[in-house]
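Order of writing sets the labels: A, B, C, D, E and F. Residues in every chain begin at 1.
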Amino acid sequence: MNSIKLESMLKQFFNEDIGDGDLSSEYLFSPLDQGSFSFYAKQDGIFCGAEIIERGFRLLDSTLKITLDKQDGDFVKAGESLDVIEGSLQKLLTGERVILNLIQRMSAIATAAHEAVMLTAGTKAKICDTRKTIPGLRMLDKYAVRTGGAFNHRSGLYDCIMLKDNHIAFAGSITKAVETARKKIGHTTKIEVEIETQAQLQEAIAAGVDIIMFDNRTPEEIKSWLKQVPGHIATEASGGITLKNLRAYAESGIQWISLGALTHSVQAFDISALVQPKGVISHVNC
Amino acid sequence: MNSIKLESMLKQFFNEDIGDGDLSSEYLFSPLDQGSFSFYAKQDGIFCGAEIIERGFRLLDSTLKITLDKQDGDFVKAGESLDVIEGSLQKLLTGERVILNLIQRMSAIATAAHEAVMLTAGTKAKICDTRKTIPGLRMLDKYAVRTGGAFNHRSGLYDCIMLKDNHIAFAGSITKAVETARKKIGHTTKIEVEIETQAQLQEAIAAGVDIIMFDNRTPEEIKSWLKQVPGHIATEASGGITLKNLRAYAESGIQWISLGALTHSVQAFDISALVQPKGVISHVNC
Amino acid sequence: MNSIKLESMLKQFFNEDIGDGDLSSEYLFSPLDQGSFSFYAKQDGIFCGAEIIERGFRLLDSTLKITLDKQDGDFVKAGESLDVIEGSLQKLLTGERVILNLIQRMSAIATAAHEAVMLTAGTKAKICDTRKTIPGLRMLDKYAVRTGGAFNHRSGLYDCIMLKDNHIAFAGSITKAVETARKKIGHTTKIEVEIETQAQLQEAIAAGVDIIMFDNRTPEEIKSWLKQVPGHIATEASGGITLKNLRAYAESGIQWISLGALTHSVQAFDISALVQPKGVISHVNC
Amino acid sequence: MNSIKLESMLKQFFNEDIGDGDLSSEYLFSPLDQGSFSFYAKQDGIFCGAEIIERGFRLLDSTLKITLDKQDGDFVKAGESLDVIEGSLQKLLTGERVILNLIQRMSAIATAAHEAVMLTAGTKAKICDTRKTIPGLRMLDKYAVRTGGAFNHRSGLYDCIMLKDNHIAFAGSITKAVETARKKIGHTTKIEVEIETQAQLQEAIAAGVDIIMFDNRTPEEIKSWLKQVPGHIATEASGGITLKNLRAYAESGIQWISLGALTHSVQAFDISALVQPKGVISHVNC
Amino acid sequence: MNSIKLESMLKQFFNEDIGDGDLSSEYLFSPLDQGSFSFYAKQDGIFCGAEIIERGFRLLDSTLKITLDKQDGDFVKAGESLDVIEGSLQKLLTGERVILNLIQRMSAIATAAHEAVMLTAGTKAKICDTRKTIPGLRMLDKYAVRTGGAFNHRSGLYDCIMLKDNHIAFAGSITKAVETARKKIGHTTKIEVEIETQAQLQEAIAAGVDIIMFDNRTPEEIKSWLKQVPGHIATEASGGITLKNLRAYAESGIQWISLGALTHSVQAFDISALVQPKGVISHVNC
Amino acid sequence: MNSIKLESMLKQFFNEDIGDGDLSSEYLFSPLDQGSFSFYAKQDGIFCGAEIIERGFRLLDSTLKITLDKQDGDFVKAGESLDVIEGSLQKLLTGERVILNLIQRMSAIATAAHEAVMLTAGTKAKICDTRKTIPGLRMLDKYAVRTGGAFNHRSGLYDCIMLKDNHIAFAGSITKAVETARKKIGHTTKIEVEIETQAQLQEAIAAGVDIIMFDNRTPEEIKSWLKQVPGHIATEASGGITLKNLRAYAESGIQWISLGALTHSVQAFDISALVQPKGVISHVNC
């Protein structure tokens, strides 16, 4: 992750929530009041967000003492403590919700990615994400996917050519589209193409693409068609793939499976905050 | 919504996805190539995001012709068209994913809010949101909640005093916390307090708070305790409320029910884009 | 105050004044030249701006040693020192004017607010501000009002419904306006309405507003009309109120008096800077 | 003025006031409701802020029809209309206060500048401003000073060398300070020096400065000392000058008089907004 | 190019030059004074910057009439006109230098890129750029390279793995570095590795990299070593390549040649502005 | 330099290069891996960029230990070390290119400025820059010019009136242009005028300008015409001046010579980075 960019994102997020001030904690407490604070998991899964906690709270108060009990990628069990933060009570209370909103999302993504990876164990299929991320959070969403053991597809429109059905329809054919793109791209950029039929598959192979994406095909179709694909072309399945049918896709022999649901349909990972009076600091295990 | 803020958010989101350029559409097509484009629903629900579509595509190309088939709050059926956009093919393809990511989330929130509202029909309970929104998207998340017929809780830390368990613990008691806050706030700001016991309820009433939130109480507890609350104090239930037990809470006599899941655990509403060659423009009904 | 927002405001203000460099101090002195520096009051009043001094100078040079002689809200007498700052002479000279411009304004507002509060002593009237603040400075203007012992009215258009004559005229009536607004707002938002006649007053009470603002009414009118207002509705006087007639308004029985002049017509509080050669550091008492 | 910078300032100011939305006008009115709107003066003076009105309202709604009755620098009488704006009622109401806050300040500055200019009529003294402007508003404050017929002193620390008492004290002497600065500055930058004694005056003249500022000197001192200043050196009086003693300074023969009060102690110019229902549009003369 | 990003870059650049105002054109002319304006080439080469001219001047004044005589990639001869712009004289004069600074640089880069491409005619070598661009201008620098007929290497650190000598030294070996990276990257990202010896070349081939870069090798070495590289691995020469020895490298059989000098050592392309009084508008051919 | 502005520039530049992450160094190394790092010169010249190195790397990692071997303005010989930086290997590798791009440009400008200054030794001519800087880098470009011993012309359109041929043509004459400008500018702003003929020279002198710029005149013309210029008017030569004919211009008696090529046509100064494994830290002298 780019920590300079992360810091400006965190500032934006805090400003969104704090506005001109946190009425509750500023009106109730003095900046000198001390306390300590733990986040702890209320479900099992993969933790993600250590740098969010550290940089986030430090932005609010650089003197806070932050101890992390878990690192990104660690498996956590319900009841386990993620961290202990000590210092200005006012700042602890002010920062809680924004940090929680982020790490609950990131841990949920990491956990979902990990679950998908587990479901494909023993096959050669690798799980990856899509561009179906929350606008403004792509860096964090994609980091969480990696934390869960999966991989990143392209970052945006700028780092890979992706020829979808619409591109192909307007360009006339896969052949023409690839030829046109190939004249302009440098050697560090790959070309991926979506195919839906065997004829398109043959055309894509002949056109010399780098990656072929089987769009909304059944595991059986994929298994059968893969035989035609030369070894130097990467293969990807996408469309209509859920945790239920994921294993069947993984066993088709496909190399990559992209899952939009990893980021577009996330159930917040359950984490709670426990503020403790000064003197009773402990790494919670509820 | 603040349209000046919306425009700067959309610019940020496009920059995130486009970076220094959309390799695929820029390398394949000329800025003069024309096409048309429809978003259409692939599930039933409440549409939300009309201004996102209009301002978003206009930012990319102010000459695009945009016709909306649905307005915010309209019920859409699977297969129905949401809009038709005509103009530069390059810009249509570039803008598609960011706009989709936003309106899929907003329509999902509106649909969930609507569903919750429907479940409480005939009771006096109103549904509202929380601060458990996606960082950077609060304005849109809360707009979508309203579009679905529900209401907004406070916008952030800055527009309502909210005394939670942690505030109360450190302040010493509800009485002290309310007294302290009351000395500092003006007459346009309300004080809400979380209570978990009948003793706290009595204390909150005596302290003269504006809103009492029953935190993680059963519908039965709420029903019983509500009798003690004077009419000028608003009442809210929160914590552990899902679509399954929502009706029971609504029938307890509570006035407000806040649901974090409306915004923190959203399944993207299913919407697809259909690009059409120039000349075949039609308002899709698949 | 939101310190993250404050820091970005201070950066903006320094950039406005410094541009690409402070020609005078950069061309005359080396970054290693040391000095010390005091702000001292040249009039009596309430000091406001401690965090401006600390964060402002630290942004220019994190190694400056800053000692505050006064805290926000302290009464200062002409000739008293506000602080001593030691370190890089270059940075002291560069930062002086921007910091002065801010703390002179904030101390002036705090002093004016305090004066208004004193004038209402013994009555139940509380003083509050308006949205007539300097664009870009609202957070600081409103903080200074609180520092002077007065209160904040709403922060902006986003945190309270305020139905003015124009809203009412277009909506048709107070009754209709309140009904329409009530259908959309959540339970954390209040509705305030401006009234100018007894008929409007009755309508507002019947409509169930939270706050009634007596717009440009005499103290006598207010005193007489207040008898009709039920205890749970807050009352506010506004329009044409100056320090001269403030006491009369305060004695009318009104609860809140809002004064635009606290922020829209401020005479800078007189503060000077005294730079001292290294070795002669002292907390000035001129 | 730099209109690109102005536009980004206006966006910032609107965002400060509107936040995530104008609850009152958005909840009461539809975007299609039409109305018209006039600002009119409630006191006599010099109007300043035409571009604020035009660009400001256009940012909120580019379809508003804006007719200006006065241009910057025009003399307005109490009761005269400044403009008529027609279009979306919602946007008119949303934009009113921010625009008023700006043009009330700018017209106040222009009026004060004009008053000072009038008081010096017949002398060769010209009035100018200082860096005692509101942080964030310098471009507008200085524009208003010019609109009132006065002149701008330097814009910031970056466009003129200004050797104040503190600079001189640390540099050792005026002679050394000027020599040091002269070695580094280009030919487009002037050097101004503050003097308080005749000895300093002689030293400044000998050092070859471009501008000599008589700091806190009486009109008599200035008149007497000016005889020693060669014609190619500009002269300025500053410190302790008010509208009461301004004429005496102007008659001393000084060329420039700088007045911090033009910008640091501004009484808002009295302007009101009158919203009219559609069909009753008129250029108000109350 | 991303036009949303371009617009914010242009605003930043204008603000840098204009500050609070263009003293010369604002003080001399009224906003209503009209004129026309041509840029014309004073040397032969490839023009680049059409969108800069159009968007740049439109940002200053959306009513300017802009006619382009040349498009990006066109060959221009000394004396030929690039455009005619008609409208507010004030805005023409204000915008001239910033636009010139940009299009002189971009045309210089395009011309240099074109020259390099011409020098390699008939070989299979393609020219590409590096990350040695001017900070803040990468999007424009790389666009100009494409305009001249050359290609883009990676955009930044984020879109291609590049294992340089330092990476390899610390990782231990090419083999280890590639293995480590391969475990983490998705299928859309390539791995390029720098090699300096035949042993490294063999190691890189065995490690399965996508691109091999011959760092500071002679054309002879490259020609000889290339025979060992399988067809599916791209090859690139870099380091110490100038226009003088470029042909020799191109004839070595290498596929890609990257030239830092295209962007890090640019001689501004000679373009002048000719402002004409209203009525004498003509497409200049000097 | 304004260090607050510098820091935000550096953040922008790092974000441009790093995007969402440095794939190579993040995927290969742990944040805990340590290393050390030297920049060393590969040519002779004037070093410029110490603050870039210090603030730049500190932004990436505030714990890096940075030792500078050279200060701005120091003469460096090929092979000499500029600095040693120790700490996180990951951050060293991430920051290298952006910092190099900046200090190579700044050192090149300083070296060119120094060369020009040397060529005019013994004359009274001083070298200065122009507004032909890279958009976004003006503060750094002009700082580098000063570091090389030359001077800055105006910073932008905002700090000096500059009447060029186009201004004069539209204003009608030099006399009218100067009169118009003089009515509006304050005493801290100078007026410079371009002249091309003796008649214009006489007109400019009579109009009382502060600086006369001889535009595209030969050294002989300048020498001859200078006799007519009174001592209090500064003189500048510009247009068509290169290192080859610079001496002739300097000997003409002109006071200032402005050179666009110092900034618009810069050949990057040759600097390389040498990363060393932990334990082998040394100040390189290659």
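Rule of thumb we're sticking to: contacts are C-beta pairs under 8 Å (C-beta built on N, C-alpha and C of every residue); 3 or more make two chains touch, one makes a residue touch a chain.
This is a predicted model, so every value here is computed, not measured.
Counting hops only between chains that touch, chain C reaches chain E in a minimum of 2. The two sequence copies chain D and chain F touch through a face in which the numbers common to both exceed half of the numbers used overall. Comparing the centres of all chains, each the average of its CA atoms, the largest separation from chain D belongs to A.
Inter-chain spacing, taken between the CA centroids of chain B and chain F, is 51 Å. Between chain D and chain E the centroid-to-centroid distance comes to 44 Å (mean Cα coordinates, whole Å).
Averaging Cα coordinates per chain places chain A and chain B 22 Å apart.
Of all residues in chain D, those touching 2 or more other chains are 18-22, 138, 155, 158-160, 184-185, 189, listed in ascending order.
All chain pairs that count as touching, in label order, are A-B, A-C, A-E, A-F, B-C, B-D, B-E, C-D, C-F, D-E, D-F, E-F. Residues of chain F that touch chain A in their complex: 11, 14-15, 18-22, 26, 59-60. Taken in their complex, chain F has these residues touching chain C: 1-5, 8, 138-139, 142-143, 155. For chain B in complex with chain C, the touching residues are 126, 128, 146, 151-155, 158-160, 184-190, 192, 211, 232, 234, 236, 255-256.
Residues of chain D that touch chain C in their complex: 9, 12-13, 16-25, 27-29, 33, 35, 89, 93-94, 97-98, 100-102, 104-105, 131-138, 155-164, 166-167, 169-171, 177, 180-181, 184-185, 189, 260, 264-268, 273, 275, 277.
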